[in-house]
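Okay, so chain A shows up in both of these, paired with chain B first and chain C after.
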Partner chain A sequence: MKHPLRNPFVYIVMIIPTLILYSLFFIYPMLTSSYYAFTDWNGLDVYKFIGFDNFIKVFSDSDFIAAIKNNMYFILFSVGLQVPLIIFFALLIANVKRFQRLYKTTVFIPSILSTSVIGILWGFVLHPNIGPVNSFLGIFGIEPIFWLADEKWALPAILVVNAWQWVGFYIVLVLAAILALPKEMNEAAEIDGATGLQRAWYLTVPLIKPIISVVVMLSIAGAMRVVDIVLVMTNGGPVGSTEVMASYLVNEAMGVNPSYGLGTAISLIIFAFALVLTAIYQLTFGKTKE
Partner chain B sequence: MKKMLMTVIMFVLVSTTVLAGCGNNGGNNKPAGTNNGNEATPTPTPTTEVKKAEPFTVSLRHIQIGEAQKFRKAILDDVVAKTEAEVEGLTFELDGVEDSVNRFTKLPAEMAAGNPPKIFDLFGGAGDALKYGAAGRLLDLAPILTELGLSDSFLNLDQFTQDGKVYGLPIGGNTEGFYYNEDLFAQLGIAEPTTFEELEKAAQTLTDNGYTAFAMGSKGAWVPAMLVNTLIGRYAGPESISGFPAGTAKFNSPEVVAAFAKYEEWLKKGYFTKGELGFEYADMLNEFVGGKAGMMFDGSWRSSVFSDEAQAGALTNKVGFFSMPAVPGGVGDQTFVNGNYSNGYGFSSDLTEQELVAVKAFIKNLYSEEMQLRGLLEDGLLPSIKLSADSTSKVEDKIVKKVISIMGASGGAFSHFDSTVTSAVYKEAEDQVLKLIAGKETAQSVGDKIQAVQDTQ
Partner chain C sequence: MKILKKASPHVLLLIYVAIILFPFVFVLFSSLKESNLEIAENPFGFPTSLYFQNYVDAWVKAKINVYFFNSAYLATTSALTGVLLSAATAYALVRMRYMKVSKIIYQFVLIGMLIPGNVLFIAQYLLVMKMGILNTHWALFLPYTAGALPVSVLLIAAFMRSIPNELEEAAVVDGLGSFKLFYKIILPLTLPALVTVFIVNFLGSWNEYLLANFFISKDALKTLPTGMVGFRDSFQTNYALICTGIVFSVTPVLILYAFLQEKIIEGVSAGAVKG
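Moving on, here comes the complex of A and B:
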């Protein structure tokens, strides 16, 4: 009994509780609930096995196809616009000498607020009659825009609000990576005559590529599971123009005509989508040389 | 040997941890009903005797939140206080939830999980009370009504009754119609419309003068669906509403499509609030009270707002009410009104003996002549139980008087179709009405699509 921790049995026995609890409260419910995806369970009546009917129904619904497209817009917006902005602002903040902490705190604040608060707050900001955005545009003679009631504006408005909420979090993440880089490298490049832009592009960005990769991954995962901001601001409307897969799931699984079987099928589809997309990213752009 | 001893000790430790985690408290926790609804929960034997008055709580979900519901909330508070005083040990736990959140989100989830509140706001009809009742989630109130002597008191329990069982009790009755701004009408020389032509002329005059003809907040589809429903009752006849599930009426018949087409025509003429798809029900009231809209289609339940200066402001006592006029070429009796006894309270079938006593006392106190009359006088809510002529003669509010006279002069009432058709059909109807507003569907395609879902039921 001198070295019990050298005994492999001890380790096996010690992980058993976690394995049991994990299986009991995660694996088992996940597997059993997955079964409901193949039933017509509405939460009340006796359900019957209906095979792939729920999946066929979902993919035959043009509203769900539109929801998938909207999720793709979230991904494109996050990766194509948000990530470059995150890097840009992180580089800017990293190079300021004064009030750096103030900037860090300021950009981080939105990400600690509840999404409900943000949704209601921006609902007021974007209000067509009394919102400050339209009041400002009115100065230039622009007619009030129905930001959340007009099909062409509702999704862009939500994309911007969602980005506003999360960029700060990612900026702090990237900033931490930049500040961890050895200063000597930057100074050496400066002595060699590299401009600020060159140093950022050829030195800093390549060195923080692993953290950028993580940010992109998190952005994709976040865009796939986005739902709360949509539900609070538009509930998927007007007429489904801001519907994403998860809000479609909520509206089908609950709401006027609840169908938990269908809802479970949609959740499996979202899971599969997220898995495939992150795998594709990891196998392509996410690969980093050791 | 030491290895073996260590392994055994660890195994015992692990087993103890897991078993401790899996234990239950031996209390009253009942496994959540997971699915099939075949497990009808046994209804406790009605009794009014409690052996031991131990403190207990009863959850009560209501929808009386916000300024517009303050009168109804005050009545509920008084009923709660009275019931708590009568039943020893009882404390109600009030849970105020927004109407549509309760109806479409919380309650369905709680019903599926088998843990609804003990008393809760409930809508009647196929999509709500009757569905939950059939699944064994609701208390059958028929024996309790007999016990309390209330069996013949209610004016209409149709939307809560199935196979002789009563699954809920309406708190009041209502009709839907147009509220109008009397000052604005006088200013623009518009008289209260008595014909459909006059109604449309009034809408056009308001629009021409820069006002919204009909305030509308369509973020929740049920709001425009109220008006669509009433137009259907006029164009396709009062029998059409109950005829949809029976198959005697079709959503894509020319008469029903005519109702959708009229709504579409009004949309194109710009009679409704601009950007209505982004506005809530409360925004609709704000627009009307703010004097930006001449008319608002809503239920008679909203009338108390217009006699309360804190809510109606400059419009206090300056609002009139009229029912949807007869439409030219409309089918059936055009004096019928859109009338409902569909919203009230339901009770969980899972009650202890003490909770059942509390439920009975709650019913006795809420559905009393005193509280129903208060609802009528203070809140403008039409009573759901029969009141004496002496009681109803006390009504002074002009809108309530008008509502009573409209209902008295009507040939009968047709209900809202959300209480007759299945949830799937109603969901499709809501989706299609919103698409009609957005200009993504036409009157005919809306009718076709709703009927397609109806055909699958």
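Moving on, here comes the complex of A and C:
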């Protein structure tokens, strides 16, 4: 008699739907992207194979170079500024007994809300005339700032909103790792006379390195992907000052003159960037997994 | 001194909590103010009289109930389908005895995690157009379901691996076939992982903006994230009304969160850490 766990019919029935759906919406688009990227297709039936022209065109567009730079600002901001804050607040929450649940629950709220609603919400908070940020600054006699319409301020404003949305999410990840550590070590160090700060720096942080590394990776991946918040808050403006690669892609490919060939070329570039950054990170900092 | 030491973390944390909650409070207050003038003149204060008419107006004008329902059932059905498909696949790959083939298929599915969602955006748009389902809910349901598969298979497979063989063997001796083994023994045992994966996928689809914005243009089919942006753009100068819209769109999620916070936090962090 056949063993029930060796039933080719069942095996196939269980696997096929997933494989079909997955191939159709992951593998097939990936393959067609790699093909269309080398054509001048604009949605009409006739298209030409044009080699690397799309890539050359994109890289010689100063707007795209600016978009790459803005993605780099997202990375710098989230890794350089957010990650230290995340670790700091996670340590703080881990070390209080009272209200721990309250903090943990509250800080997580922004990350369950839709990015587009958060964009609208903050667009209102940052409104030049009636937004509370300017009203507050007005108390000190500061003239209203056009946060999202001023080339100088638009990107910093979006960076802060993006941080507002995601810092709590990562805090909870790091917090979970800290709370999972065995308590004995910490107690032993306390008996040996180490201060809270010393314990955090010499004991806890080294022990949660793997999760910090995950947070950095996720931040980089998130910074490469960022688009919703930009589309909703500024749509890349004013004059391209908040354009990121993905919003450039959307605006080029889905604009008045859709250029799918160009769009797919840009998406391959984003993919390549993401892979290279991940690889660099893995090779330099990510291999502390002994 | 000791009190100061104990209180200072709380002071810092409460400042943080205030920064998180402040925009919500501001929007809630503004939604109850009668005019832009009142918001501008008194941005931090409680409304002078509670003007609930905004809520009535927004509800009538905004179709937020339509968007909300669209989001709710799209997110539910795609998350549910994704969980069931992934569970079936994980069962076949992990518990059934075709190790060599399974290993290859498993790796093949995991490749998907390397590809960031946005990268496939244009190609998926073209695919959906070719399939003739642009501007229907299928155009979102299928990519949402498919998009969740790699991580879901990974998480559920990891969980299923930890289930001991003995139970299964006993069931085999009792004469259960491979299908019954799946839904009578393995599925119930995997339930915690399934719930986790469901929540992660649900929130993902619930909040998705890019595809929803470009694959659906019919107003009646829009989801909450895109519907809200449209609402903002058409009532750009009535700030109280926009705030009411925000309140409408945020409240259900917050209520859900209040009930399920532990599960949501656990689920999302599991998905993030292992994904």
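Operating definition for what follows: the second predicted complex is superposed on the first by the 263 of 290 C-alpha atoms of A that agree within 3 Å, B and C clash if a C-alpha of one lies under 4 Å from a C-alpha of the other, contacts with A are read in each partner's own complex, and residues count from 1 in each chain.
Everything below uses one rule, namely that contacts are C-beta pairs under 8 Å (C-beta built on N, C-alpha and C of every residue); 3 or more make two chains touch, one makes a residue touch a chain.
The model shown is predicted, which means the values in this text are computed figures rather than measured ones.
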Thinking of the overlay built on chain A, is A:Q198 touched by chain B (first), by chain C (second), by both, or by neither?
neither
Go through the superposed model and pick first if A:L148 touches only chain B, second if only chain C, both, or neither.
first
Mind working out whether A:M254 is in touch with chain B, chain C, both or neither, as first, second, both or neither?
both
Tell me which partner touches more residues of chain A in the superposed arrangement, chain B or chain C.
C
Looking at the overlay, what does A:Q282 touch: chain B (first), chain C (second), both, or neither?
neither
Would you check which partner chain A:M30 touches, where first means chain B only, second means chain C only, and both and neither mean what they say?
second
Contacts for A:F108 in the overlay, against chain B (first) and chain C (second): which applies, first, second, both or neither?
second
For A:P238, select first, second, both or neither according to whether it touches chain B, chain C, the two together, or no partner.
first
So which bits of chain A does chain B touch that chain C touches too?
4, 7, 10, 13-14, 17, 21, 254, 260
Inside the complex, what are the residues of chain A that reach chain C?
3-8, 10-11, 13-15, 17-19, 21-22, 24-30, 32-33, 36, 89, 92-93, 95-96, 98-99, 102-117, 119-125, 127, 129-132, 135-136, 164, 168-169, 172-173, 176, 211, 214, 218, 221, 224-225, 227-228, 231-232, 246, 249-250, 253-254, 260, 263-264, 267-268, 270-271, 274-275
Give the list of chain B residues in touch with chain A in this complex.
2-3, 5-7, 10-11, 14, 17-18, 21, 35-38, 104-105, 108-109, 111-112, 127, 131-132, 134-135, 137, 219, 274-279, 422-424, 426-427, 430-431, 434-435, 437-438, 440
So, in the complex, the side of chain A touching chain B is made of residues 1, 4, 7, 9-10, 13-14, 16-17, 20-21, 41-47, 128, 146-151, 154, 234-235, 237-239, 254-258, 260
Mind listing the chain C positions that touch chain A in their complex?
9-10, 12-13, 16-17, 19-24, 26-27, 30, 36, 39-40, 43-44, 85-86, 88-89, 91-93, 95-98, 105, 109, 111-112, 114-127, 142-143, 145-147, 149-150, 153, 168, 172, 176-179, 181-182, 203, 206-207, 209-210, 213-214, 224-226, 228-229, 232, 239, 242-243, 245-246, 249-250, 253-254, 257, 261, 264-265, 268-269, 272-273
